[in-house]
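Chain IDs A, B, C and D follow the sequence of writing; residue 1 opens each chain.
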């Protein structure tokens, strides 16, 4: 559809009756001019609440479980009451109740088994999105705008990797056409749940990395949308995390590559997975603030003319540096590195950075702390003989580190930049542990001691004059 | 042997009658106090001359060949005449002639075939060392010091990788004991040719990387020597290449690790291969200047108390940066990296540095230009389907780069160092292409544009105040 | 323990009050002479009943579920009443009830989730063994023989592969010593549940392939038992499956190797996994009939003097033949075979037979039909580029086949055997699809069309004169 | 070219003046009707003589060398004299002399180096073909048929694997068009040397496996010939090796698949490499007897209607059976097999058969004895840790075996065949060591003890009634 607009509303943009009204207003305005699809996250903090419920259920902690469940119910019932006119309340509350009952059925099953099986977790967690989608659709209808809540499981076809599913584009296109096209033709706004999908044989899944943004991106691509607008609670993509850097400022535009690098290195922007379907089809993307919809936001584009130098700095605190080193020269370091990478590939680990530079043939790489167990298990399995017989030193893990990345197209042209960045960091007596800059020169990734990370981010942000207009 | 001293004399230390006399004097003084083994390189520039001869022979270029051969003969005959008293000349000239005839026999075979087969090349090239060993032994004898030229092929057992053989320690120990021990017991100095060895079934080989230093190190380890002294034409291991850095200064001591890193990153010191046999047996190593034997030289030790910060800067100009990048997200970047490293391992390539940091899952690595063909061939073979069907972009090679490395134990403690180094480089408008610092923090490796390499070396040397006392 | 005897009672040997009494009698007699440990399966058909319950629970089929549960309860309550004197009934029925309640709690959880998560399944299924162990221990006590039901989860430490766990021997030895030794010292018979174990952090597992026999074998090895007696409902290991071959006869003795090959090729004897712990420690094994304990049974030994020729014939019907063939000669067949085997290893598939003999470099292998999906998925993933771009023909699967194996030490010496076997098969117009005989000559494996399998088994059994005394 | 005929004359068909005349007659007759290209082997036994010369040269065995060289010269000079009319003799003898001088130049180079470098060997060995091509072309010219000797090195482009090069088809097509097309247009018969080629940069190579037949096949494909006739000294492809089986008979036709399987399993027919280029282009192939050109020979075709059962039996005596067996169950047998096959692929070994069928996860495979060293070296290198630490038993090699293969399309339909074959073998008390029949059922491969091989071949030939009309 030539002018189709997909709009994605994140958790804070769905976080209360007031926010849902704001989202509805944004949708209504767009809907007056062109066909629109909404993709929504769960209300803010609801996903965490759902997971907490399931964890307490697994632990058999009845009291905590009841409390969490109560909070969950209250939040949605209150929002429903506040949001909708009296005339529609009874029906809507019944709808909310049905969804909440579905969740508590699963949670009770988890409690009985003392186990959280992945398919059920995926099914349970998606109820957060189903609730918010239901509320938004109801509200739109109450405003005389035709809308219909749609379960993302009916749109997005995925493989069967529960908790971290990968979409299958062709069946998704078919499902999307079958479900969404008739709605659009009737001038109805589909309000689709983000984050979830289902396998080809109908078992519920969630998308893992990338979440609701990814859903919106998949749907935009599957429907050949003209644009995708991502509504969050900040004014766009920023030069730094505003919680760390007070004078961080919004960027007018970033390239797909920059957005991907920023996300990859910890910025809370679109996950790189999100961008892939859009890049291929050249779908324009905007990151905008639903709290200030009049602000321009950040446009994500293929290329920015005349761009030079660093554009933003990001950081990740929950990472670990893993080092592997041959204990002698009997085995080839290159072969060991090859086998280790194969092990990491098998374990489906995302390598944030890798560096090796030594006659000792040791090498080290950075991974998320959440993937650390998988990393060491897979390495120990695949290199078991080498470890058992002392050809490799024990795996060395340093979890007391953080990753800082400076991102920008055209940093290649900025002579002296690396020096300034490192000088800025060192002025604060922060130890640099490892450095990786690839030949693309889009990103300089620096591993520092964990307790210097925040200071380093501020120092680099200042040094690169990112705050200046 | 508890006080056995192995002394290795490089090409310039054997480069003329005068230098051979100086070497003999050094040997004689040591020999008065303790058992000594000499290991010698060919006279300076002789190895190149031999190779030039063989190349012209292969090309069938009779005139050039004759000229080279003539130069070779002249050099050795003249040295022989100048070196030895009249009484011993006739016999010695005959001995030199026999060796030179052996060489020209091989060279003529090469000319007939128009091919330089590896075993014959190894045999031919070692004649340079056999000539210098013969001359030194003859001279020692003329000075009434018992000495015997020994062909390294009778000592060092190797595998059959001609041109780049790896020693086999156990048979080498046995050969060394059988040949060298009786000589030492008769108070005779064995003058062993460096660089060459032979397979278990007696075919001649050469050691490739590490050369004569490696021979000396192997022999020192095989004979359980107390010390190894490496005689060169400089005063020891320096803070920088004196041709590039005028105020480079000699280091009193470096650690094995530093020496290995320096060598690995281009310094003309002991090859890392050389150090391995010594480290295990804790054999002390000195790098000394045969032109100024009174100077203390540089000691290579296990540990240096209180050492901090950068100790030396090295560079390599003949390197290339190779980048591999997936063309899409269908294939796993980690798997590709694993396969690529396997390909490099198969091709027996030495990886100087490797770095990867990007959501694109591209990665790049630095190799010697001399190994570049092997690199690209092996990658293309092992990833042939991926290249053929467009899953990988074509291999990107940038040969217009240079590697600069700053080496020093305890750089970890030197806050601000990285910043200062990069600032120093950037002051000269030199582009930094890639950076790799491993977690060992013994080395920061920096890839810069080739034409900025020398300036960068000087700038870093100055910045690190390596010249100061 | 020097004379420790481990006795394992299978499902039919625990299948009713009468059978439990028989088992108790066998135990009591042995117990009078030497220390004894019992390892028990669930009552016959109970495991299937438990699994049926769980499946109906998952499907949400309340009626079928209630029915299965009722059957389960009835079976155990009735057995309990029949088995025990009135004085002990009340307490025993309460014990049985507790275990059954534990099962129904899990089953209800499964019903709520509509999913059968593996840990819970392992926990639920082991309740069958816990019930039978409880009943046997209670009965022994009622007969004034000290006995204690022991949960195998407290003895056997395993990895966390639910449904197919692998024991960890060292922690198992420690657990076994801590739990079983004190009981034995008090002259108490431990009645241990077979089939189940637990991870190092206490999560319940089951052993998968090999089941209760494997448990008994692990416990025998962990306790350094002198002997292991496996009580079943047949007189020992037979020359053929008596359901197929009427005149099959019991073998006096087979070697470990023969037993392993028989099991591997489909005979319902000890699983090969079962034998491994015993072979190392030279623990004697007997296969005996609890319905006729006076019969000698079959002894499994290291070696049989003078043994020659085929000893038994086995078959497997639920297998599939998978063939892979390069579509052209661009890729190396050997490399493809290497990658395919790596894929099968990753998928943890048991290869029953593999054969390749052709210039086309195709190869085929036999797997269980139950593993076929994993096989094809893993092959398609690991060789995805090769399949996608037509370097390999589509995987060819022939599920309409059966495996027949003739097993015997010393078949090497029996000239003419292969000819006679193949002639016997072909007399019945049964097509032979593939043949694999390894150099060990312990087994000839023959793949035939499925509908000729039974006839082929009978023909070979007759030809080899296995029935004759 | 639509009716182009390529004719290949083997060594016996070029083995004397008389034979060369016969070949010329055959060529002349064909040439009268259609364009013809001849591809020739060296005169019979000349290649062996050349290799013997080079070996004695390498060993420095002057006397033996001179003798071999003399024989070589005499053979060609005498043939030349006998073949050509007086008027052409002087010029022709000079031509022969030039080629022989070229050979002795190389041989003398080898003698000087004591080494046989591969490129020079390839260059030297091809002189055998160049001599025979020269003689045949001269003779044709003397018979007033225009002919030109062509060096295969100018036609067939190959990779740089000396001694076993692989042709590069596209450059070969270009070279062939440039060199051969003009000759054909002038009604000149190109007499091309078989067996040799050259790299893209002109270094001489030989084709290794497949030899002159392969050259003929490549040229036929490169020139889009209509047919390829292979002239040998037997009447066609036979049901068995006539030296072993007296009543072996010529087959009217075999399929490409059968021919390939026969060759693969030892029959002295077209190498499978030879067939590949022809199959793709559907070029008809005949195997004919130059001693009896009137006989029909054997046609090699895509399909034979109504063909059933075994068509021929072949054997290979110079093979070895290699077995690998895990020493314990710590490592996965499937993974070991995968690694072993990878090792064999790296070593470029041709696997004749592979079979595995055992719970022990051992497997065995058959290779040529000439490749055995490469096999064991590569296995030991790739599985070095596994061997060093006792996870694998030492490699077991049984060289006292032979391979017998029964080949025929449609053996699948012949029930009872396997039984009859094995019965036939066992009647002679020959032990069968291993059996491999793939699912294609084109071939049954049987490994027997070496000393029973010949008897087994005869027995199977008789049993299959291959001799009967």
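Here is the rule we go by: a residue touches a chain if its C-beta (ideal position, glycine included) is under 8 Å from a C-beta of that chain, and two chains touch if they have at least 3 such contacts.
Note that this is a predicted model, so its numbers are computed, not measured.
*Asks:* Name the chain whose C-alpha centroid is farthest from the C-alpha centroid of chain A.
*Replies:* Following the centroid criterion, the farthest chain would be D.
*Asks:* Between chain pairs A-D and A-B, which one is joined by a greater number of C-beta pairs in contact?
*Replies:* A-B
*Asks:* Suppose each chain is reduced to the average of its Cα coordinates; what separation in Å results between chain B and chain D?
*Replies:* 46
*Asks:* Could you put a whole-Å number on the gap between the CA centroids of chain A and chain D?
*Replies:* 62
*Asks:* When the centre of a chain is set as the mean of its C-alpha atoms, what distance in Å lies between chain A and chain B?
*Replies:* Centre separation, chain A to chain B: 51 Å.
*Asks:* By residue number and range, which residues of chain B touch two or more other chains?
*Replies:* Within chain B, no residue contacts more than one other chain.
*Asks:* Show which residues of chain A lie in contact with chain D when the two form their complex.
*Replies:* Those residues of chain A that touch chain D are 331, 385-386, 388-389, 391.
*Asks:* Chain C touches which residues of chain A in the complex?
*Replies:* For chain A paired with chain C, touching residues are 105-106, 108-120, 346.
*Asks:* Which residues of chain A touch chain B once you look at their complex with the stated criterion?
*Replies:* So the residues of chain A touching chain B come out as 257, 260-261, 263-264, 272, 276, 321, 323, 329, 332-335, 337-339, 341-342, 344-345, 349, 351-364, 396, 398, 405, 412, 415-427, 429-445.
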